[in-house]
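See the structures that follow.
Okay, so subunit A shows up in both of these, paired with subunit B first and subunit C after.
Then we have the complex of A and B:
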């Protein structure tokens, strides 16, 4: 029994758990280039991060805003798409294939495509919008347009994931409640809110849990689309840690930020897990 | 005397206002929604592909003009770094998939079939470590790989990839084995199979469809992975995603060449979407 887990556990310990401790150790030391001894400086980096206005007032709100808006919007559009695809119509297989694209194309490439489509001079979508008479928007040069572009990219990537899982669940639902609803002349909307949605609840909850955890560490799209700019205003937590460590070359501060993020996620993750368990019990 | 068969009349909700005044409008609306959905998901990819076959002078306002060329691809493929990066990504994705599946199949089986303290602890461990943001251990892994002198090598990127797959794949593998009825294995045990034999000859073949689906996704995820490649590789072992990102964030003007590179990097994804969608859907549903 132990033998079955041993290889997996070994890799996990060596390349995830030990590095986390090494990172914690590194976050307590001075990493400036003129100090080869890497002196122990205690909690200074953590104090720096926690008193950094960029981290407190930009990075943390951005991270949670991205997490919540991405999960809510992709759940809503994914659910809508799943309901649409649940009914047969001409060309359904095509739609089903096409929505797999976002899940197989690398987020780096997706972000590149979006960045090019919204290019301020030559982007197809920018031009389309100006032809349609919309006022000019600095898609990648102002904070809120760039941030909404990041959210949009995330929704584009993840809505199909919700669709596929919810569609599978929809097709596995028993027929009887729907027949009963039909006999009782229940309208479409009532059938949806009173029968479909409650039966889908467990699946949706699990999806939201997995997605929320993953959305917290979003890096690729943000890095390619805005690089955290303009002026660090769209940085999220992963980008912040990367920028501190490899752009500002303050490795200790980056490690401290990464550690804090892991801590936050541990609390959020356990909280979500408890919440999910309670919700699942209620819905049973 | 015959009795007429009696059937319960099915009550239907009356036509809504909408249906009464504009019959068929609902279907038109749904049709428009479907077209919009298709557009939304195809447009960015299409824009990228069109850009990649335009000459450098024609990428601005790409919907105008009729000059098309494959010159961009020729130029991109002549750069040794791009070819090298594609080769590296290919090797890395294949290695990471084979090794991580090999490592996690046992762990998933154990999670599914055994109970007890070890199983509980292991399950809690993989749950907790799945929540750890990648940056929190990739950042220190930069130090680890530099110190072990495996920074910017296959090994230095492969091992972290496997480590991150361990949590998620064990979880998925548990799901595959959970969906298989264990009574088959019990029967095999009674017929004189060893525990190992029951796993290898009975459980493993039944879990194969799931594992096949997972292997395709795993290959794609490793090929698409960016953060590890960005931090753990440099000039010697470039990966396709980090090479592309360099293009986009540093030079940022030659969009025709960038698009050609992006299309090349997207090729496996397109192929899998077209030919392997059955497996992708199965894998994602787990």
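Then we have the complex of A and C:
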């Protein structure tokens, strides 16, 4: 039996367990490309990261803001689209396919497309907005506009994911409670809030859980769109760790940041999991 | 409380008709059962009354109102579904109250109505539970409660007992019957179970392929089936059918098949002689075939090889091969000792012989 799991275990050990230990080891050492001595310095990197005002007051709030806003907005738009697509209309198969397209595009490409669309000189959207008479916005040069673009990109990528899963759930819902609600004189909105949503709740909760954990480590969109700029204003956790490790070539500090991130995610994950469990109990 | 009148009601999905020209008047407080095999259009008919299906032709009237174009909520009906259709995330109380809250009834009245319904149904200890914490029978009772609290003009039941196991079904059938006495309301009940049809209905409507086959009291349907389908559908084990030829023999009309010759009862000779075709279908219910010989010669005896026996404890059911047909005889004393493949004598109660046209399958009376 053990022999049967050996190949998978070997891959896991080689590419996950060992690298984690190497990373943890690095986080306790002064380990950089310019200092090959790898001096043991204990928790210094952790102290440095935790006392870094950029990490505490920009990176962490940004990360959670991105996580919450991206998940909430893509859930809302995904749910809306799923409800629309659940009704038969002419051309529904085409619309359904088109809506799924963002999922087939690599996030790097999506982010590049958005960056060019909002380019201050050549951007299609910036030009369109100025033709329409909107005041000029520094889409990629001011904090909030660029942060909004990051969120927009994330929503653009992930809303279809919510759509397909919620649509599948909608189509799997039994018909009878809705018919009973019709007889019970429940209006459209009340049916949605009192019947549809509670019935979708288990699926929505699982989606939110998976997406939240995933959103915590968002990297591509941020790196391509703003690179964490302007002036580290839009930096999120994954960019912070990447910059420390691979731009400043301070592997030790990068590893410490990554380790802290993993810890934070562990705590957030357990919290979310407990919340999900409680909500599931309630919604059953 | 209201009369329900269906006038030439039809339903077609595209060019595919599923219900044809159904006309039926259900009196105030009457309990009518629509029964038939699956796909006979009984549920569709019920759903058209509920407003869950549009009506392709004809009119449906509830009370004095034609309801063809009214949404379900404005028809003043309540419905019990086969799989209960409870709101799984709401407590029993909220399930019962939902319809009233939507109609903006004040909470005090809702509380009173819920209490009234739960007392009738014995649900009081379960009010704070959720449906998934209830047994099938309890869930179905909640579904009934949801109807009772509303005091609708018509109750609609769509195979409400089909999801329950046999024992619970029998128990709920009796409860439904008792409930009828306490909550008198015009009711339409759909089922494929002939026992439910026989026991619950004031009148039974037998349907097949979207057509009404016969409407009548349960006994009427059982004793005077209009055609072979109705005769075979109602009753268990089903009525035996044998293709026979009518011949005159010694001044009596006899129904004759291979291994079988049965004297036609006097009261049926006239209608049969008026019937052109001499080949007809003989129908005899299993309980009217007796083992042994009658006290006096009725001319309805036959012998057959025993091919199957079913011991039910309260009775013995026996199958015998006559005229290449398996004939079932029921209500034989369970202690009777029989050997398979031996030939045994049987006799038929002449008062309970049916004849059907071999082409149209309509009863010959």
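Things worth noting here:
In the analysis below, the second predicted complex is superposed on the first by the 274 of 284 C-alpha atoms of A that agree within 3 Å, B and C clash if a C-alpha of one lies under 4 Å from a C-alpha of the other, contacts with A are read in each partner's own complex, and residues count from 1 in each chain.
Heads up, the rule we're going with is that contacts are C-beta pairs under 8 Å (C-beta built on N, C-alpha and C of every residue); 3 or more make two chains touch, one makes a residue touch a chain.
Note that this is a predicted model, so its numbers are computed, not measured.
When the two complexes are overlaid on their common chain A, residue A:194 makes contact with subunit C while staying clear of subunit B. By the touch criterion stated above, A:275 is placed in contact with neither subunit B nor subunit C. Contacts of A:254 after superposition: subunit B is touched, whereas subunit C is not reached. Using the contact criterion defined above for the overlaid structures, shared-chain residue A:180 touches subunit C, although it does not reach subunit B.
Counting the residues of subunit A that each partner touches, subunit B and subunit C differ, and the larger count belongs to B. Counting contacts as defined above, subunit A residues 182-187 meet subunit B in one complex and subunit C in the other. The touching residues of subunit B, counted against subunit A in their complex, run 8, 10-13, 30, 33-34, 37-38, 40-45, 47-48, 51, 59-63, 102-104, 106-107, 109-110, 114, 118, 122, 125-137, 139-144, 159-160, 162-164, 166-167, 170, 220, 223-227, 230-231, 241, 244-245, 248-249, 255, 258-259, 262, 265-266, 269-270, 272-274, 277, 280-281, 284-285. Partner subunit A is touched in their complex by these residues of subunit C: 50-52, 71-73, 77-79, 81-90, 98-99, 102-103, 130, 132, 146.
Looking at the complex, you find that subunit A touches subunit C at residues 174, 176-177, 179-187, 190, 194-195, 198-199, 201, 282-284.
Across the complex, subunit A meets subunit B through its residues 1-5, 7-9, 11-12, 14-20, 22-23, 26, 81, 84, 89, 91, 94-110, 112-117, 119, 121-122, 124-125, 127, 156, 160-161, 164-165, 168, 182-187, 213, 216-217, 219-220, 223-224, 227, 237-238, 241-242, 245-246, 251, 254-255, 258-259, 261-262, 265-266, 268-270, 273.
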